[in-house]
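Every chain is named by a letter (A, B, C, D and E) in the order it is written, and numbering of its residues begins at 1.
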């Protein structure tokens, strides 16, 4: 189980040399929520509200300024084993000196999987994201969407127990996106992995998640949570046509709207 | 007027260490289409089909392997004056050594605008993308979506006569996205700028464009073109509710589906 | 010495500005002494010393006219002659004392070394400051005279200041050094095996002052005055060893004890032509002239 | 063909200019190039190459390889640890500023006067560019790449080997490139002490015995040696960093 | 603070080595004796004159080398044809040791500042040049394309894209060149006898004044430490945006 309790994060950094002096940004004010083991939760919120920051704290890559994150009862101080993350900066998170294959395989080596198993996993993962045939290319020889899919393949092949995804489908076309959504759900169902999924696409959040957590705009708190009471067996055509789906997405949309408006009325000074 | 005639682009590059030898990718096979001066055309197509490649050729950043691109009758050999481009890799196209303000202002300096005008344009553009208050931050202190908006602000402030945008709203939330869509349309109407807009969101393509050009998957040709016969005055609520809108988006969706399927049946070897 | 601003022999009120390239060692004490005593000033020469580390810096300086005069050992000058370096000696520089065991340079070994005489040096590793120069030719002569085989010596090039340590650490079997390293090794318990300058020739002229052929031709008067001044300085220095020991403090950092203990060289005013010819012969024998035969007369004044 | 023209073009022009300008030179220290070239053939015979150049090359390569290994290893450690850097940097800077010639006596105290001493002198001089560039390269590794490695539990040696070193490799290459020519320079300097053979020794010997055309021919040989080694280096770099050159030339598209 | 600890450790080792008889204290005297010698030196005007002379040669030489290295590096780096045409010549000239040029320097300038400058500039120039060349090659293609697409002129591209990208490399180059320049300034004085610290070292060396020699060498080293300190401060200010500096702001 993933627990986030009173999480707070303030970025301190010098602004443009002296002109504006110290710049302090309160990215997260006070976040509390839990994700059960094996749950698939989607996270939505306005741009710049701190979703990436939250994910980095959960992954143990960033130290919170306050509050705490714990995974399966243990407090997170550094990256936990069995955790995989798809970064929003997919381009920069691939290693340009390695072929696509090596990029996907590297974490598996760390897991000390035998060679055949690694080859198999890499092949399956690349196949699943529609990149069979590009194994020997370097990442920078691929299009943006292809790079993003390599990053997804890397996380998928890793067979993590916790999967954090930061806008993983932002750069792919609608059709591929639908396929990848189904891939994530299939993986989740097959492996029972805990998934925290950030997206800007409200339909996607509702289609994918068992629950949708909505963040307010900065200073960020949890605005609302919705349980998605759609049947567990979902498919692109029928689920999206379900009136309940439409009701849910409208609700989420309104909440985000409200979050944004709230932000405007508060208008916290930023620098 | 922008004319693309028989455009072809083949990437030649060594694959990973001789294992697979020379890797040749035919990104574009034979593209022909035109965009009238002052027209707003959206471009959709499967991931990796060559949209970015096409835009780079049009911007004069990449030399085609065949065919030609001409802008207002003159053949494109290098970047044309009055052209602005929003890159898909927004993060890397911002200069990390400059504040947000300087990033947006720099091209204006190159245009030799007077100081007051520059300040005004920068302020307006940042305001329009919802980033007022972050002028003195460095790009890497911003969230992904905010960085992308800085890149958009830079292009907008430039007041170009031709605007090329490569999935410019991929990293922003739904609400901001809607605002930005309206911003682009307003800018287009106010300045009469020629816009070529790449997106993966079919609704967005139909909502924004006067015409939607659909590309096939690799080897890439123009799959289809649709003229969007919706009224010129569009707004998020009513236009999207228009039955004609739904009809159009369904048509585009089907075409893209067809493009993908075509690709699978052809299954061109890639390396 | 600092470079006195204006360079060359510009006439300023009849006084010639003269730069002399020297090595800051005991050998050149007379010129410092002579400067202090006014021997140069009285001949309308304003002399300043440029302290280089060796011929590599001094000879090009003299040839190009950056320095008017320079100080160099005779073997180097002989080598230069075979290569037609356009220089000419103008005065004697420094000479061996001619007394076996009491010269300002010699071959040293550690106290407990099995090497007793020069003959034992055959087959050993000996450090000299520069190879194919005055050091190794004269050391060979010492060995030869003592009945050893000079061909079997293994020479290693090592600057004088580093020799005591190398000798102490056993990196070389023997070192050819001059003062003040000679006294330093002695103080550390080292032993003198041979005085190679004395073995090479009686009253060997070790070094000389020289000028470029160009200056010698164009300004004979200046050369003449400089020679006179140097000769006066040499004579004075030879007669006043205490003042020599004192002037050393002004341009070296030799400590007082060593200054008092060390053996001073001789400073005759005449270049001993016979000894130079001997040097030429020895050098030729050892092949340091690349097969050429130096013309001694050409470099002597 | 075109590449050959690029490689030889400027040198040919410069040598031609040198030839013409120096043709009638009376200056003892700047003899006509014709005499230098003539002495080149005479001086650098096969025997001489074997007796003097080979030992030099061996010291050079041993010193260079050792310096590269030390520089990269130490550089990675210092680059990764801020505390270590704060502690050792002043000491390193202290040694960096001391001229190798004055350090030789100290090195001789510990390492004797054999090849070991000369190799240490070479190491001592050419480790700095490798070290500094490695430190800076490691410090500049992209934070997202580091985070990726951390998130996937790629730690310890694997992180250094798979992430840190490749990411810093372009800058390390700059350091190795610098070190190569410095190693040649230090080879010459080290042979000024306690040597009895070697290219540097021979050149200094020529200088001291007023064999000026021979000295210049030696300098030309040094230049040729540097050029040849840098050619090898470029080949190796082009191979190891082919991903980088590909990445960087993506857009040049030409 | 921690740096002081590092230096103190070095001093302790140098004190201990001869004290415990690991090396002969006649050849490597303990720190205390070197310090005493240094104490005697620093009160003399001659010493400060020498430091001043050395620093003058160093500063002027470094300034020329850096300016020339940066300008030439950017011009060559930005124009591929030039780079291809000059590569072989650069590689040929780089390994020529400054010491081999000593006769040439003396020939041209005697023991004047010019000699020192010639040697210093020759040695330090290549360090800067090579770093700039690698730095210029490091430009992010997307950043470069951005500049091209907005039709930045050559000057604007150099100033706004090439230069900031190359800056971290240039800094390393300047730090390398700074110490090479110091080394060469001292060596030139040592060998040619131009006035300065090197000449004092040479005199101490030939006179067998070992503690004095080490005291002077230590001064050279300390100058290096001071120079590096200044470079680091400057770097922190002008590279605040760069990963290597911003990565170290405590989170």
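FYI, a contact is a pair of C-beta atoms (placed from the backbone, for glycine too) under 8 Å apart; a residue touches a chain by one contact, two chains touch by 3 or more.
What you see is a predicted model; the values in this text were computed from it and never measured.
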Interchain contact steps from chain B to chain C (minimum; 1 if touching): 2
C-E or D-E, whichever has more C-beta pairs in contact: D-E
Chain separated most widely from chain A, comparing mean CA positions: C
Turn needed to bring chain A onto chain B - CA fit, degrees, nearest 5: 180
Distance between chain centroids, defined by C-alpha means - chain A, chain B (Å): 25
Separation of chain A from chain E, taking each centre as the mean of its C-alpha atoms, in whole Å: 48
Distance from chain C to chain A - Cα centre to Cα centre, in angstrom: 82
Whole-Å gap separating chain C and chain D, where each centre is the average of the chain's CA atoms: 37
Set of chain E residues in contact with two or more other chains: 24, 27, 103-104, 107, 142, 145, 190-191, 205, 242, 246
Multi-chain contact sites of chain B, meaning residues that touch two or more partners: 13, 56, 61, 89, 92, 138
Per-residue overlap in chain D, given as positions that touch at least 2 other chains: 27, 29, 105, 109, 142, 192, 204, 207, 212, 246-247, 250-251
Chain D - residues contacting chain C, complex: 27-29, 104-105, 108-109, 112-113, 192-196, 201, 204-205, 207-212
Contacting residues of chain B [partner chain A, same complex]: 11, 13, 15-16, 19-20, 23, 25, 44-48, 50-52, 88-89, 91-92, 99, 133-138, 141-146, 149, 167, 170-177, 200-202, 253, 256-257, 260, 269-271
Residue numbers on chain B that touch chain E, as the complex places them: 56, 59-61, 78-81, 83-85, 87, 89, 92-93, 95-98, 106-107, 109-110, 138, 140, 158
Residue numbers on chain D that touch chain A, as the complex places them: 142, 144-145, 147-148, 150-155, 158, 162-163, 166-167, 169, 243-244, 246-247, 250
Residues of chain E defined as touching chain C within the complex: 24, 26-27, 102-104, 106-112, 190-195, 199, 202-209, 212
